[in-house]
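Letters A, B, C, D and E mark the chains as written, and numbering starts fresh at 1 in each.
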Amino acid sequence: QEETIKVGILHSLSGTMAISETTLKDAMLMLIDEQNKKGGILGKKLEAVVVDPASDWPLFAEKARELIEVNKVDAVFGCWTSVSRKSVLPVFEELNSLLFYPVQYEGEESQRNVFYTGAAPNQQAIPAVDYLMNEEGVERWVLAGTDYVYPRTTNKILEAYLKAKGVAEEDIMINYTPFGHSDWQTIVSDIKAFGSAGKKTAVVSTINGDANVPFYKELGNAGIKAEDIPVVAFSVGEEELAGLDTAPLVGHLAAWNYFQSADTDVNAEFIDTWQAFIGDEERVTNDPMEAHYIGFNMWVKAVEAAGTTDPDAVIDSIVGVSVPNLTGGLSSMMPNHHITKPVLIGEIQEDGQFETVWETPGLVVGDAWSDYLEGSKDLISDWRAPMSCGNFNVKTGKCGGSEG
Amino acid sequence: MMTSYLFRTLDAKAGVFIAILLAVILLVPALNILIAPDNFFHVPNYAVTLMGKYLTYALLALSVDLVWGFCGILSLGHGAFFALGGYAMGMYLMRQIGTRGVYGDPTLPDFMVFLNWQELPWYWYGFDMAWFAFLMVMIAPGILAFVFGWFAFRSRVTGVYLSIITQALTYALLLAFFRNDMGFGGNNGLTDFKDILGFDIQASSTRAGLFVASGLALLVCFLICRYVTKSKLGKVLVAVRDAESRTRFLGYRVEYYKLFVWVLSAMMAGIAGALYVPQVGIINPGEFAPANSIEVVIWVAVGGRGTLIGAVLGAVLVNFAKTWFTAALPDVWLFALGALFVVVTLFLPKGILGTIGDGWTALRQRRVSSNAQAGGGKPPKTPPTSPAAAANVDPQPAE
Amino acid sequence: MSRQNTLLYLDGVSVSFDGFRAINDLSMVITHGEMRAIIGPNGAGKTTMMDIITGKTRPDSGEVFFNGVVDLTAEDEASIAELGIGRKFQKPTVFESHTVWDNLELALKAPRGPFATLFHMISGAEKTRIEDLLTLIRLGDKRDELAANLSHGQKQWLEIGMLLAQDPKLLLVDEPAAGMTDAETMETAELLKDIAKTHSVVVVEHDMTFIRALGVKVTCLAEGSVLAEGSLDHVSADERVIEVYLGR
Amino acid sequence: MSLARSLFALLGLVFLLGVQGQSVQAQENLDALRPLVNNLAKGKYDETQRQVEALVASGDPVVVPTLKALRAGDLYVRKADGEVFIATKGGKGYLLIDPLTTENAGEAGRRDVSKIKVNNRLRRVIDASMGSLTLMAADPKVRLAAAEAVFKAGDPEGLEPLEAALQKETDDDVRLVMEQARAAALLNSDRGDSDKLEAIETIASIGNRDALSLLIGVRDSTEGALQEAAAAAITKIEKSLAMWGNAQNIWYGISLGSVLLLAAIGLAITFGVMGVINMAHGEMVMIGAYVTFVVQELIRNSAPWLFDYSLFIALPLAFLISGSIGVAVERGIIRWLYGRPLETLLATWGLSLILQQAIRSLFGPTNQQVGNPEWMSGAFELGQLTITYNRMWIIVFALLVFAGLMLVLKKTPFGLFTRAVTQNRRMAASMGIRTPWIDALTFGLGSGIAGIAGVALSQIDNVSPNLGQGYIIDSFMVVVFGGVGNLWGTLVGAMTLGVVNKFLEPYAGAVLGKIFVLVFIILFIQKRPRGLFALKGRAVEA
Amino acid sequence: MLSVENINLHYGAAQALKSVSLAAEIGKVTCVMGRNGVGKTSTLRAIVGQHPISAGRIVWNGEDISKLAPHARARRGIAVVPQGREVFSLLSVKENLETGYACLPRKDRNIPEVIFELFPVLKSMLNRRGGDLSGGQQQQLAIARALVTRPKLLVLDEPTEGIQPSIIKDIGRAIEWLREQGDMAIVLVEQYFEFARDLADDFAVMDRGEVVLAGDRKDLDEEEVRKHLTV
């Protein structure tokens, strides 16, 4: 039997997260397939090892361990939601393996074995707010989110940011809902009331996956149009829109680093390959898929550069690696294990796609530690020697709390 | 006297079980530590932790079986006690991190630092001390169980009503612990533990130690359950399960009996949770999810309700199946697991152990009766366990 | 009669269900050591009266006292049982998934607290007592059989055995002879007479031969209150009793 | 939809105008406007906005199609010469239309033109300015929309055209809105205080939040009589809004309650009546939702005109499909488990895993799109209440289903036999009741009803394999809270929980609100250990 | 007519009936007697199909019904008054009676007036739930419910249990009346010797799962029977 390089895929195929993660498993299979068509890496074929952590966080850790210890994979692509990542972190640290995490998250983390290919808050939330403030003249803000860490942190950051920009306390309304919240009547009417105070109002939504469909349905039916109160979402992409009649939502916004509508040749090719792979002409692509695309290509490049899949070597060689992203630029792996990305603001179209209405002039470097949070504004991360630290405190000149 | 009684109550089946359990407790760590990794008999770390987890699940199943199998209290919320025990342990482990957190704060856990908490909430006090934390592992679930049970049993909430409010309880706790404002780390829960009682939590010796601890906890709790259920109190419990009000007319204070096993069971669940957390490395509100508690009930049903060994067997078996299926059939494993449950209910109506037990008794009885009445009447056409007979002779309707 | 010297004292007790008066201003007194037979038409309220005494049903009004001092309406089933009131139900109710033996063991007079039972070890005296009861109720060969597998009449017997095992001060016996053969009925009567030497007993029955064999004071209830009281001959001669109960 | 319609109306109108105005004068105007139109393609949003304002300042209705097209994202610039056209997809790339003359202007390849971007701010500006341009349109609907736009803008510039329009207005409804728009514009103008006092009265009579915010503006920027009048009006409106707030909570509560009722009612049969702890109930609901999806998908692909009837087609199908699955499940699994109610939990849990995975394998894990038919979309105002049609129909539907079920169970022999079978299967059989038949039909009925609940729920929630899981816990809570085996209990239970939830939510927030509801249920059960509509008496204990 | 031929019946491994035979003719009352636990109820369960038999057969009007489901037997005119009443406790008295409609054609679905003549108390309690009735009332309801089905074979398991003397007399008269109608076979299990003796045309005495004495009324040796009824 021919020797292969094994790649672990750790995405939930059942349970609540399957709705988002199954697509990423398929995307990874496609990427591995494509790479094998190009001859694999280092002359060896790649072999995907798929497991199902079933949306169960401790199971993520167990499966991660199984992938690394039992299946001996060389890198793992997976997780969605911070808690799944937090759950597997110690495993990757202990067994010294690699994880590529493809979803936007709240930041406040930088770990030697993890590469964060999704957006940090400064690559999504802050530019979105800037856009609304500058281009749409928004003065009053509803920060609506699902009650968990990502929205909580993002909103903390945004609150600090808005206040720094002179927005008054009473012009910010913060609202949290449980996971899978499905009855939005009260909240939508509260938003409507909050928005009728005479000042231009917008909703910044960190509402998680499933709850969005009923939210937007209620919004549409209550007649809240984008021109009146635009909603900018950080967790609503093409996949989520596919489950919605978007006609009433035209003009509402999302902030991402990629839209399927990106008008580039690489993207066109990516979409074609994807649709052919999955056998569905209608199947959409989305931002976390692009993140895996970038992450995977970075890993391939780093392995080739290092000439080995050994994690330590790859960790050293991957920083500084640049690969094309799907929006026409080159994304690079930064020393803090986050990557550079363009930030796009898109408007929902009737066909379920986004049209980019604004984008950052250049690429934005992912910031592991927010400048707007008390505890973390003095921290930086740099995994290159000699610093080799994920949480270096520039004030005290020490490497965070970690002794090692 | 008690111990002699205890041992008198151990029949052959229990003896075999204890022997196997002891062997596992001794052999697994030995094969893990003493045998070289490339040897065929080596048990990898991965397997040790995995089996450790199964043992804590088995303990949880045991606690559910105690209240359900013997006292008829179908708890759809035992995950709450498990999770509380887990959180107590998690809080201890969090405090052990000390300045090694990413922000280097000596008292505040990381998640509090970045959400700008200024000081440690009062309910976190004391968790830096192992003895206190370990006590809380039992006391916290115990108190919750006591308060809940005190009200519910005195109000004579029974049957599905009780089941559903236990579910409401765990669901409410789920939502509460999800809230970041509660100060338990919200959805992310507690993670990134460094060491326990001074031992590095990732060291394989620590893992082996935790495995042994889980095994011993299971063994001790099994013996306790065994003693309780074989005692006269156990008979009262079964009486309560069958005909609660009749038991009252005999002068037994049913609510005290229920409260006793309920709290005992909750504490056992708490211990299970506490041993679970350091082995899986995370405790988060997901453990409070009603579905988790339902699953525990299902392990017990699969193994055989009302047979303590069955509960243990069911927990290990179902979880082993889950581990295996999720890796071997990641895309369709739910078909396999779902079918397993359906098949067990249909063909092993009393669970795995119950059915084995039945077969055993039937065999013995047949031998006895065929000796007694040589040439007597024919044996029944339809064996009692066949579905047709079960449906036909069924004594009582559902409600 | 003053309440003080009575064992059971009911005064002006009424209870109604959804407007239907099952017990209507019922007054009755049982003295220490007395055996009383209660008869009355179906639906007269005999069982309901026992429900009230044992705490199963709360009266809407009226007084119920035990031993002259204990207000039974303020107690719950378990404490009433602990006070020494035992009951055999009209419809036999035994613990079906316990063996005959265990049913009796559970009923046996002993401390009832959880910790007492947790550390309870069955004594020789208790075993003998159970053996005796088994013989008495003729279920010796069924001792290891589950109660669920008994016939209707066997369950009746088992319940009588359980009542005896409790050794209560006051026995409330609801239709003990139902489902028994005539011979068994007479035996039961003898048994109760025997017990009545040391205990107080209230028996409900429809079997007049049985009542006659008991030879005690009879109370006839009808529509929730006392219709007639006295010796059996006296009561059965009462026109109204014949009208509503005995028939012509 | 209505946007497109009014666009057509406008185009028609403009076309007529165009024919009439075929004069030299008109041609000159066009020549003057052309550069302005072409300028729309230059610069960013700020610049575009300035050009829009310039176009509007011309006051010439001939610019209306340009603005409409810009708003709808149909305005493109030809890269080669910077000319701006209305473009629609067609031919090899785009069909071009001259925005001013609306004449055909040839074709262009996909890469030859680029879209002029609009954002929400621009759309708002266009709406507001278009308002004053279309106040005199022939179609009263257009005029109404125009008046509303002017009201929203509250721009004193709009005052004059408004007053001119008011002179000619014949339609009462439109007139009313114009009056209100005039009042709004007037308050921002420099007209005299008496005019403004009158305007305050007009605004106050609207009584909604828009009026409130206008008046707050007045109160904060004026003094004396005006300020007092505004303040008085504000108090009045706030009072009435508070009252409407309560009405709204009740409405929301009933609406949530009816969703709970729908989700629970099938369970009230399979669990409440039959005693099967049916963990697969949610999956039956899910199957109903997927039936709706499939029906809509078929309609979309082959008979789009039927779309508004899709739910009526889906309802019986969902009932039949979920119902037959129910019957099959009962015959295959449940029937072996009577008398072992707790084991039904195990089997149906397994079943729910299988059904979920089956749907996931068949349709994929992602949400499926189920649309609202026209009559289920939008909302209408009832006083200060916004009543959305989908919620309203769901309430009606839930009550109908409830009534129907009640009828079947209480008034038909089937219902009686069902209850007899579940209370004492053996005796029921000896009474001649075909118990297997009744069991299968009853479980089928419960499942079928879950299926039609799924049709309704597809209108407000995700249609994904997880759909059922989201409702199962709530359903059990409702059935148990109401009292197992009592349909009225399920109705009242669902409504109570809905209303309690909705009154708590504004104060406690959604998360705490939900926690409180759960605690409320726990405490309530202490008071009534057998649910809201507990059966009492011997019958229950026997 | 009904003929039970050499049936065996088991509960699990325990045998409750050993080669029991019994006959019941139209227009006659067959009385089964015996001490507690000898198998009377088991025999009736076998006849109505509530428990499967393990040997022998049961023939009703020429048809072997041993394999038929209970509801099918009910539809062939077999009705039962079970021991322990088994009324549907949550159904009202009226509904309890109406369950008997299941084996009636639509036109016959009514409650015969004679039932209320026999048990007047039921008429006044039509809307009360079955389970709320007193023991004796339930027993009356159980008998009435069986009569609603217009049975051709009526199987009664200790129907006088818990019933007041005057109504026992009425039930006796009712059974006589039913017999006199001449279109019904009646199997009666009874412990109350005098009641049984007065009604029985044929009788069978059981002991330990077997029929130990059988014959018609004139063969009845009271002493012999009583011997089997005492311990």
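Please note the rule applied: a contact is a pair of C-beta atoms (placed from the backbone, for glycine too) under 8 Å apart; a residue touches a chain by one contact, two chains touch by 3 or more.
For reference, the UniProt names are B = Urea ABC transporter permease subunit UrtC; C = Urea ABC transporter ATP-binding protein UrtD; D = Urea ABC transporter permease subunit UrtB; E = Urea ABC transporter ATP-binding subunit UrtE.
Keep in mind the model is a prediction, meaning the values are calculated, not measured.
A.B. asks: Which neighbours do chain C and chain D have in common?
C.D. replies: Common contact partners of chain C and chain D, which must touch each of the two, are B, E.
A.B. asks: Using the touch definition from the top, what's the fewest steps needed to get from chain B to chain D?
C.D. replies: Each step joins two touching chains, and the minimum needed here is 1.
A.B. asks: Of the chains shown, whose Cα mean is nearest the mean of all protein Cα atoms?
C.D. replies: When every chain is reduced to its C-alpha mean, the one closest to the whole-protein mean is B.
A.B. asks: Just the number, please: Cα centre separation of chain B and chain C in whole Å.
C.D. replies: The separation of the two C-alpha centroids amounts to 43 Å.
A.B. asks: Counting only Cα atoms for the centres, state how far chain A is from chain B in Å.
C.D. replies: Going by mean C-alpha positions, chain A sits 37 Å from chain B.
A.B. asks: In whole angstrom, what separates the CA-based centres of chain A and chain E?
C.D. replies: Between these chains, centre-to-centre, one finds 75 Å.
A.B. asks: How big is the gap, in whole Å, between where the Cα atoms of chain A centre and where those of chain D centre?
C.D. replies: A distance of 29 Å separates the two centres.
A.B. asks: Out of chain D, which residues touch more than one other chain, so two or more?
C.D. replies: Counting only residues that touch two or more other chains, chain D contributes 356-357, 423-424, 426, 469, 485, 511, 514, 537, 542.
A.B. asks: Which chain E residues touch at least two other chains?
C.D. replies: Only 50, 132 qualify.
A.B. asks: Could you list which residues of chain C touch at least two other chains?
C.D. replies: Residue numbers touching two or more other chains: 17, 91.
A.B. asks: For a test of understanding, state which residues of chain C touch chain B in their complex under the given definition.
C.D. replies: 54, 56, 76-79, 81-82, 86-87, 89, 93-98, 102, 105-107, 112-114, 117-122, 148, 162, 166
A.B. asks: How about chain D: which of its residues touch chain E in the complex?
C.D. replies: Residues of chain D touching chain E: 413, 416-417, 419-420, 423-424, 426-436, 485, 535, 537-540, 542.
A.B. asks: Okay, in this complex, where on chain B does chain C touch?
C.D. replies: Those residues of chain B that touch chain C are 1-2, 5, 228, 231-233, 235-236, 238-239, 241-243, 245-254, 256-257, 260, 395.
A.B. asks: Chain C touches which residues of chain E in the complex?
C.D. replies: 11, 14, 33, 35-37, 41, 83-84, 121, 128, 132-137, 139-140, 158, 161-170, 191-193, 226, 229-231
A.B. asks: Would you pull the chain E residues touching chain D in the complex into a rising list?
C.D. replies: Touch list, chain E to chain D: 48-50, 69-71, 73-75, 79-80, 82, 86, 88-91, 95, 98-104, 129-132, 145, 149.
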